[in-house]
Every structure is written in structure tokens, then in C-alpha cells.
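You will see two complexes here that share chain A, one where it goes with chain B and one where it goes with chain C.
And now, the complex of A and B:
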């Protein structure tokens, strides 16, 4: 208990609280701009944290990233442009609600359940971090392979339309992920002599192209004639969520738990957590047909999941010094600079520091509610601008955002190519989401697949020899087989009825 | 502009074959059977199988010839011109911004974009000017993104 009091004294100081407030506003700003990610917010904050003590430095990053993950839902909901990749899983439903004139229903759910997920993840981080990290550490390439395949399978099955077209989208993403030098042999693939392509297809410009530029193209074709959803009063943001909490308590809990568990796995962060949770939500929903049409159920589960994953990612980072995602990878560097060596010993030598981190997490997820409410109120004005005025400005934001990734016009080129691809895909009812996930998880899939094949000397049986790998593998196969069996059963005529 | 299932199946199958052929020459890790070609070949295999599956299903459902259903907008030359204009605006920004600087290019691109969408010229110019300065200040100054500078406007950086 004295340790907790010491930690509280470190956090509840005017300077630290001011830092938390400012970094929350910064996180909101970065997350709300398509193309700027929570990871980028962290990277941009690192030079600032050099001038701070350890607790405000960590508070800066924790608060900004938690805010950015939520704020990514704002442009996703209002403009169908997820501000961060973690918002992409449920952008279809969120934007559909906006089209129905109910943006506050989607944004309110995102806000409240992001906060709930974040707090749940923090509580797990506080109570069960050593145990969870130990489980995650037992994972080898076989388990990771199945986890990625499971994530990709979910992306195909949650996408609207036929799974076959979802698969086509997935292969487009997986193929794009093979471009570049990042492969087990380090050989250039499909680079066509371009030095910049050797680094692979940049994810952020590709995502901006697929989601945003394709939308700009569509608006230009229709000359902005698309009916703009009316800007409805923002009352009842929180009241609606109380109802959602009563209707979907299991979804909120499951999303939070799943997000925390996935976040704790090294390499799997908020993005994959949101995808898997959205798929699970649809799978177990009583009304799966409503998903993609502005149904809040998946939003509740995936929204809680991605923020829970943010907290979960800190479990292996703090306990073992292994980053749970790209953000915690940067954070570990900051911790070392501040003289805190993450690992089991930090719990013994500097426990007040660890508890201070826990308190900051709780504060960040609580402050999200009022600040998020303000951000929603402000962002709603975006809808009052006519699309024909907004779209050229958005196009410019997209170009600058794509440029900002590597400070190179090459990013804008990538955005352009994927914008056209995204437009053609949507014209053909090919969902975009699986392509995005294929692009993100392609390198991870390849690394774990090739590593596993080398380890097993080409034997596929080895993929089922370890108990967790076998469990994940069987579950993945079930995800594929159950819909096929159901399809066959539906086609088979009932007993006693002869074929015509 | 929607291709039929049979056409998409054929394109997917051809895509799978093309990826497989292109991946044949990729090097393996020295001393191993696997390497740079493993993943593209695996992707090619499942892509081809998906294409085959789509073809078989389309044929079973009665499709006999590949086809393309044109959307209404494809019959309007003006709509096609507007589609091309988006691509031209992006290319123009890539080419011109290093020469003219961010602010003049961004202003021109946004103004032209809005004029194409029939926004009144004075409103288009005001919005484009305000947006260009706001983007420059937020990205260029606050986030330190090195947007291309114009010599005569460098006081804004």
C-alpha cells in the first residue's frame, strides 16, 4: 500500500496532470487525422519526452496513444476514413450509422466502450500480467502462424458479400505484402528496380488510398451528389451507451478480454484485436445479417477490444521487456533512456514506477470520456460542410498524410495506386478490409510460416504437435469448415424429398 | 463496372498463375528449401484454387461467357473526365509541389478540385487558401513534416 501511495504522489502533481491533458489533446488530434497513427503520435512524442521525468514521459505516451486509438474512430465514422488501422474493422458499421443520420450512436459507442476496454485491460495489466505474459512467451512460430491465419480467416468471413470475393481481396493484400526486401532470403521481390519499393508497400499510404481516395473518386464521379447525412443533435451520446451496456454486456466483456489477451501477445496489437473481436461478435450474434449495415454490436465489442489491446500490449513490455506492439517497442526505448530497465526486476527495484504507470493508464482511460465527448462535438461540424467542398480538402490531407510517413512523394504514389485499386474493388463488390489485413499481416505470416517449415523440415504435422498450436489450428480449420458444412447441409434436400 | 463471377474467377486464376511463374526464380535461403519464393508460391497456389472454385461455381450457376456489367456512370463522358481529373490532380501535386512549393500547389489543387465539383469560384479560393495554410501550419510547423517550401513564403515555416 505505501508503494501505491508513493506512485499516486508521483502522478497527482499539477505538472504531470497538465502533461496528461496536453498529450490527450495531441492524441485526439493525431488519431483524428487519417494517415497519422497512434504509433506515429508516439514516435513524434519521443523527442519531447527526453525533457521530462520518467513518470510524465510515460504518461505522455500512454495518454496520447489511448486517445489516438479512440480518435481514429471519428474520421472512420464521419467520413469512412479510419484515422488509425485499429478502427478499420468496424468502419463499415460506423459509417453506415452516420449515413442513417446517427453519427453520435457510433461515436458514443466507440468512446464509452473504448474507455471500458481500456480500463478492463489496465485492471488485467495490474492483476494478472505475469501469468498472461508467461502464456504468451510459450508461443513459437507455429502458434503465431495459426494466430495470423485465424486473423486472416476472420477478415474473409466478416467481410460483406461472398467469401470468395473476400478471398480475392485477401490475396491482393497478401501479394502486396510480398513486395520488397523484407523476406526470409532478403531478396528483392517485385521491386522493378525501384529503390523505394525495396522497403515494401507502405501500409499507411495504401490504407489512405484504399479507404479515402477511392471515396474521393466516387464523390467526383457523382459530383458530390451523394446525399449527405443530416447533422443531428449530439444529445444522448452517453444515454444511448447505458442502453448498449445493458443490451451488450457479454460483447463488451468478451471484447475487452479478447483484446487484452491479443494485445499481450508480442506482435499482435490493437489492429488484429479489433478484427478478431469484430469477427467473433458477428459469429455469435443473434443478428449477424445486420453487421455492415450500421449495427452497433460489433462496434461495442471491437471498440472495447482495440483499447484493451493497448493496455494488454504493456504486459510483456513491462514484465519481460518484450514489446507487445510497435508502440510499446518505442516505449521500451524511452524506458531505457529514463533508467528503467523493463523486466521482472523492475517490479522489485522500482515498484512505485510500475504502479505509477498503472495509475496513468486508469487516468488516461477516464479522461478519455470528457475529452472524447468534446472531440465528438467538435468533429460533428465536419458533416455540415458540403462534400463538394470537403472532398478536395480531404484529398490534400490524404496526400500530405501519405507524404508524412517517409517524407517522400513515393507515399503519394502508393496512395494513388491503391486508391484506384480500392475504387475498382468496391465497384466489383470486393471488400477492402481483407486486403488491408493481408497487407498488415503478410510479413508476419511469411516469417512464421517459413520459420515453421524450416524447423519442421517441411512437415505439416509439426503445425499440430504443440498443444496450443493444435488448438489454434483446429479452431482455424473449424472456422473454414463450419460455413462449408452449413452450405452443404442447406443445399441437401430434406429426407424424403426427392430431387426433381 | 462490375465483372461477372466467371470473369473474376478467370482473372483470379490467371493472377495466381502469373504470381507462381514470377516467383520461380526467387532465391531460397542458402542451404534450405525455403526462402523468398515460398510465400509468393503459397499465395499463388491458394489464389489459383480460389479462381478455379469461382469458375466452377459460376459455370454450375449457368454462366457460360465472361462478361462485364457497365455502371451508369461509365456512359457519361463527363463523369469519366471527373474520375480522370482526380488522378491528374494527384499527379500534378507530386510533380509540381517540389518546384512551386506546398502552399501554391495545394491551393491550386484544392481550388481546381472544387471548381470541378462546381463550387463557386470565390468560395473555392477562400476555402483552399485557409485549408492550405492550416495544413501547412499543422503538419509543417507542429508536426515538423518537411513539406516543400516556396522561397517567397518561407516566413510561414
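And now, the complex of A and C:
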């Protein structure tokens, strides 16, 4: 208990609280701009943290990223441009609500359940971090392979329209992921002699292109058909949420738990958590047909999940110094510079530091409610800006974001190419989301498959030899089989009747 | 009219250029390119050195990450910049391997190497659950089992620890692929995979395994250096144990494009030396368990050249070099 008091003394100082407030505002701003991710918010903050003490330095990153993940939902809801990849899973439902004139229903749900998910994740981080990290550490390439296959399967099954179109999109993403040098053999593929292409298709510019630039193109081509979302009534952002919590308690809890667990797995972060939770929500929903038409159920679960993953990612980072996602990868670097060497020893030598981090996490997720409310109110102004003014500004931010990720104009090129690809895909009713997941998970899929095959000397049985891998493998196959079985069972009676 | 405007603008530029060359270097911000991602070890070293060089030279030093292509993209960006002292970068050991792999024509000769600022020797690490307590016992078991029984990981295909492992096996009269190498995204994923039971050996630097060693999950059996490391005084060298004379170390250096003016080069080298000796840098390296190593100018170039030749030899024998 004295450690907790020490920790509280480290956090509850005017300077630290001011830092938390400023970085919250910064995170809101970055997250709300399509293309600028929570990871980018962290990267931009690192030089600033060099001048701070350890606790405010960590507080800066924790607060800004938690805000950014929520704020990513704002442009996703209002403009159908997810501010961060973690918001992409449920952007369809959120935007559908806006078109129905109820953006506050979507934003309120995502705000409140982001906060709930974040707090849940933090409580798990506090109580169970050593235990959970222990489980995550048992994952070798075999287990990761199945996890990735599961993620990709989800992408196809949750995509709107037919699974065939989802598969087309998935393969576009997987193909783009094969470009470059970052493959297990370390051999350049489809680089056509370009040094820049050796680095592969950078994910951020591609995502900005697919989601944001394609939207800009569409706006200018179909100017006559422009549908202006009506202004939000704004009332009841919070009031409806009590009802949501009563209606969907299981979803909120399941999303939070799943998000925390996925976040704790090294390499899988908030975006994958949101996808998987959204798919689970649809699978177990009583009304799966409503998904994609402006239904809050998936928003509740996936919105809680991505913020829970933010907290969950810190579990392996703090306990073993292994990053749970790209943000904690940067955080570990900052911790070392600040003289906090993440690892089991830090719990013994500097427990007040760890508790201070926990307190900051709770604060960040609580301050999110009032600040998020302000951000939603402010975001309404976005709607009153004419599209022909807004779109060039968005394009400019897209370019800045694409350039900044690697300080290279090549990123802008990638963004433009994928903008055109995204536009063509949408024109042909091919969903974009599976392409994004293919691009993110493609390298992981290949890496884990090839390394597993090298380890097993080419035997496929190895994918089922380890207990956790076997469980995940069987589960994945079951996911594929259940829709087929359902289809067969539904068709059998009429087939029997029509037999001559 | 248009012509007059253009001419006037050009004239203005020339005057500006004239005043620039008349002033003493440096008079505008310096760009420091890091070929690896933000948050990694090389990034941290680059940022810290950048801050100290900034203090010394009195102009901002902006750290820019140019990642991708296993370091080819960033190293190309350094080498292709103007050799005016306003673009420098952190050059890593991959420069001595990527051209052997046929990924690029770029070699260390395309750079003016200013200084080596860090070196971390390779090691031999196994999982705590493996039961091995000495490198002799491990080597004995590797030799007695058929090729491919043991698997190692810790870097990409043809990466530094892959070459380090192949070089060690060759020095023990084994085939360079007697232990199968499983490519990974780096030392941390390799170590995690080893603890999870996926592979048996990680030949990366002991510094990279430090938190796992402290957590009693990984055992360091040997260091691939001539002397024991200060940070790991209990870990013996290869020559003390198996008698192998193989050594390998991953170093980081500060380099500029080839053809730097002499006065600029001297000024930069002096600034880097001050940065290297600063309390901030020395403390940081010790805290993170990174090995300190200092070599300047020609001495640094010689180290880089020797490694280049040695790696080329091992990579050819191991089949890692392009035809």
C-alpha cells in the first residue's frame, strides 16, 4: 500500500496533470485526422518526452494513444474515414448511423465503451499482467500462424456482400504485402529495381489511400450526388449509453476481455482486436443481419475491444520488455532512456513506477469522457464545412501523414496509387476492409508459415502437435465449417422434396 | 518579363549560395538518417548522439528514420546525399552484408566513415529449459546429432546473427548449415520463440537477451568476442571453452556520403568524439547494456573493411552470397 501512495504522489502533481491534459488534447487531434495513427502520435511525442521525468513522459504516451484510438472513431463516423486503423472494423455501422441522422448514437457508444474497455484492460493489466504474459509467451510461430489465419478468415466472413468479393479484396491486400524485401527469404520481390519498393508497400500510406483518398476522389466525381450528413442533435450522447450497457452487457465484457487478451499477444494490437471482436459480435448476435446497417451492437463490442487492447499491449511490454504492438515498441525505447528497464526486475526495484503507470492509465481512460464529449461537440463543426473546402484540406493532411511516416515522397506515391485502387474497388462493390487486413497480416502469415515449416522440416502435422496450436487450428477450421454446415442443413429438406 | 523575373531569382539564389559558402560549417540544421525504425536500439543511439552533436555544433540535428528493405533504403539515402556535412547517418553492420547478398551495389566505400560508437559481440544463448549449462555440452550434442536437429533464430535470412552462427559452426569444422537457421524479424522475436520452444539457440548479442537472462528464462553460454564482456563477467568466451577463435560483433557507426571536405570531416569527427564521451551517452549505453567501442576515421574504416572481407568469406561458404 505505501507503494501506491508513493505512486500517487508521483502522478498527482500540477505538472504531470497538465501534461496529461495537453497530451489528451493532442491525442484527440491526431486521432481525429484520418491517416494520422496512434502510433504516429507516439512517434511525434518521443522527442518531447526526452525533456521530461519518467512519469510525465510515460503519461504523455499513455494518454495520447488512448485518446487517439477513440478519436479515430470520429472521422470514421462522420466521414467514413477511420482516423486510425483500429476504427476500420466498424466504420460501416458508424457511418450508417450518421446517414440516418444519429451520429451521436455511434459516437456516444464508441466513447463510453472505449472508456469502459480501456478501464477493463487497465484492471487486467494491474491484476493479471504476469499471468497473461506467461500464456502469451508460450506462442510460437505455429500458434501465430493459426491466429493470423483466424484473423483473415474473420475479415472475409465479416465483409459486407458476398464472401467471394471479400476474398478478392483479401488477395489484393495479400499481393501488396508480398512486395519488397521483408520476407523470410530476404529476397527482393516485385521491386522492379527500385530501392524504395524494397521497403515494401508501407501500410500507413496504403491505408490512407484506400480509405481517405478514394473518398476524396468519389466526392469530386459525384459532386451532384453529395449527401450532406444532417447536423447532430448532440443531446443524449451519454443517456443512450446506459441503455446500451443494459442491452449489451455481455458484448461489452466480451469485447473488453478479448481486446485485452489480443493486445497482450506480441505483435497483435488494437486494430486486429477490433476486427476479431466485431466478427465475434456478429457471429453471436441475435440479429446478425442488422450489422453494417447502423447497428450499435458491434460498435459496443469492438469499440471496447480496441481500447482494451491498448492497455493489454503493455502487459508483455512491462513484464518482459516484449512489445505488444507498434506503440509499445516505441514505448520500450523511451522507458530504457528514462532508466526504467522493462522486465520482471522492475516490479521489484521500482514498483512505485509501475503503479504510477497504472494510475495514469486509469486517469487517461476517465478524462476521455469529458474530453471526448468536447471533441464530439467540436467535430460537429466539421459537418458544416462545405465538402469542396474540406476535401482538399483532408487531402493535404493525407499527404502530410503519408510523407511523415518515412520522410519520403514515395509514401505519397503509394497513397495515390492505393487511392485509385480503393476507388475502383468500391465502384465494383468490392469491400476495402479485407484488403487492409491482408496487407497487415500478409507478412505475418508468410513469416509464421515459413518459419514453422523450417522448424518442422516440412511436416504439416507440426501445426497440430503443440496443444495451443492444435486448439487454435481446430477452432479456425470450425469457424470455416460452421457456415458450410448451416448452409447444408438449411438446403437439405428442400433438396429432398424436389427429388424426382 | 518572365525572363527578367527568373534571372533575378537566379541571381538572388547565387548571392545566397555565395554567402553560404563564405560562412563557417555548420550554419544550418544537420539531418541524421537512421536506417532502422523508431524505438529500436539504433534509433535510440542515433537520437542520443544527435542531441549531443547538436549541443556541440550549435545547430539543430534532426533525426530522420528511413526504414525498410533490411536497411538498404536508409543506407542508400545517406550515401546518395550531397557530401556537404549536412546529411549524416547511422551506418550499421548490414552495410558489410547487403552487397554480398546482391541486394545493392552499395558498400562501405561509398561512405566517409566518421566513427564507430558501439559494438556488441554475438553470443550463444539457449532456453533455461534446454538443460545445457555449458557451450561445450551444447556443441557436443550438436556434433553428435544429425544435421538439422538443432534450430537457431534471431535475425532475418543472411542477417548478422545468421552469419555469426555460420562462422562459428565453420570454425568448429561443421557445415555452416549443420544448425538450421530459422529467419525471424529480429533478436527479440527469436528469443521469444526460443522460450516458447520453437527454436533451440539464439546467437544474438547478449545485450539483446538481457531482460530474458535476468528473468532466468534464457541462459547465456558464451560470448563470441576475444575478451569477456564487462556487462556479463560470468559468461566465458568461445576461445576459453571450445577453443574456437571465431569472433563477431555488431557495431554502429556514424557515416557521411563519400567525399566530405576535410575541414567538415574533422569538425564532425571531433563533435562525435565529444558526444561519445558525454555522460549522457556513456550512462545510456551502460544502462541499456550496450557495448562501448570507439574508433575514429581510418581506424573505424579498417574495422568495417575487415568485417566486410570476413563476412564475404563466410557468406560464400554458407551459400548466403548472391552468385
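By our rule, the second predicted complex is superposed on the first by the 493 of 500 C-alpha atoms of A that agree within 3 Å, B and C clash if a C-alpha of one lies under 4 Å from a C-alpha of the other, contacts with A are read in each partner's own complex, and residues count from 1 in each chain.
In this text, a residue touches a chain if its C-beta (ideal position, glycine included) is under 8 Å from a C-beta of that chain, and two chains touch if they have at least 3 such contacts.
Computed from a predicted structure; not experimentally measured.
A.B. asks: Looking at the overlay, what does A:164 touch: chain B (first), chain C (second), both, or neither?
C.D. replies: A:164 contacts chain B only, not chain C.
A.B. asks: If we overlay the two complexes on their shared chain A, which of chain B and chain C does A:5 touch? Say first, second, both or neither.
C.D. replies: Neither partner.
A.B. asks: Quick check for you: in the superposed arrangement, does A:182 touch first (chain B), second (chain C), both or neither?
C.D. replies: In the superposition, A:182 touches chain C alone.
A.B. asks: For A:455, using the defined touch cut-off, is the partner it touches chain B, chain C, both, or neither? Pick first, second, both or neither.
C.D. replies: second
A.B. asks: Check the residue A:482 against both partner chains and state whether it touches chain B (first), chain C (second), both, or neither.
C.D. replies: In the superposition, A:482 touches no partner, neither chain B nor chain C.
A.B. asks: May I ask you to decide whether A:139 touches chain B, chain C, both, or neither, giving the answer as first, second, both or neither?
C.D. replies: Only chain C is touched by A:139; chain B is not.
A.B. asks: Look at A:406 in the shared chain and tell me whether it touches chain B only, chain C only, both, or neither; answer first, second, both or neither.
C.D. replies: second
A.B. asks: Which of the two partners, first being chain B and second being chain C, lies in contact with A:416: first, second, both, or neither?
C.D. replies: A:416 contacts chain B only, not chain C.
A.B. asks: So chain A touches chain B in one structure and chain C in the other; where do those two contact lists coincide?
C.D. replies: After superposing on chain A, chain A residues 184-186, 407, 450, 454 contact both chain B and chain C.
A.B. asks: Applying the document's contact rule, which stretches of chain A touch chain C when the two form their complex?
C.D. replies: Residues in contact with chain C: 43, 46-47, 50, 137-143, 180-182, 184-186, 188, 195-196, 198-200, 202, 266, 320-323, 329-334, 336-337, 339, 341-345, 406-408, 447, 450-451, 454-455, 457, 466.
A.B. asks: Can you tell me which positions in chain A touch chain B when the two form their complex?
C.D. replies: Contact set of chain A toward chain B: 36, 44, 164-165, 167-168, 171, 174-175, 178, 183-187, 189-190, 213, 216-217, 219-224, 386, 388-389, 391-393, 395-397, 399-400, 403-404, 407, 409, 412-413, 415-416, 419-420, 424, 427-430, 442, 445-446, 449-450, 453-454, 458.
A.B. asks: Within the complex, which stretch of chain C touches chain A?
C.D. replies: Counting only chain C, the residues touching chain A are 37-40, 43-44, 47-48, 51, 64-70, 72-73, 76, 101, 103-104, 148, 151, 153, 156-159, 180, 182-185, 188-189, 192-193, 195-199, 210-212, 214-215, 284, 287-288.
A.B. asks: Write out the stretch or stretches of chain B touching chain A in their complex.
C.D. replies: Going by the criterion above, the answer is residues 1-3, 5, 8, 12, 15-16, 19, 22-23, 26-29, 32-36, 38-40, 42-43, 46-47, 50, 53-54, 57, 71, 73, 79, 82-83, 85-87, 89-91, 93-94, 97-98, 106, 109-114, 116-119, 123-124, 127-128, 131-132, 135, 139, 143-147.
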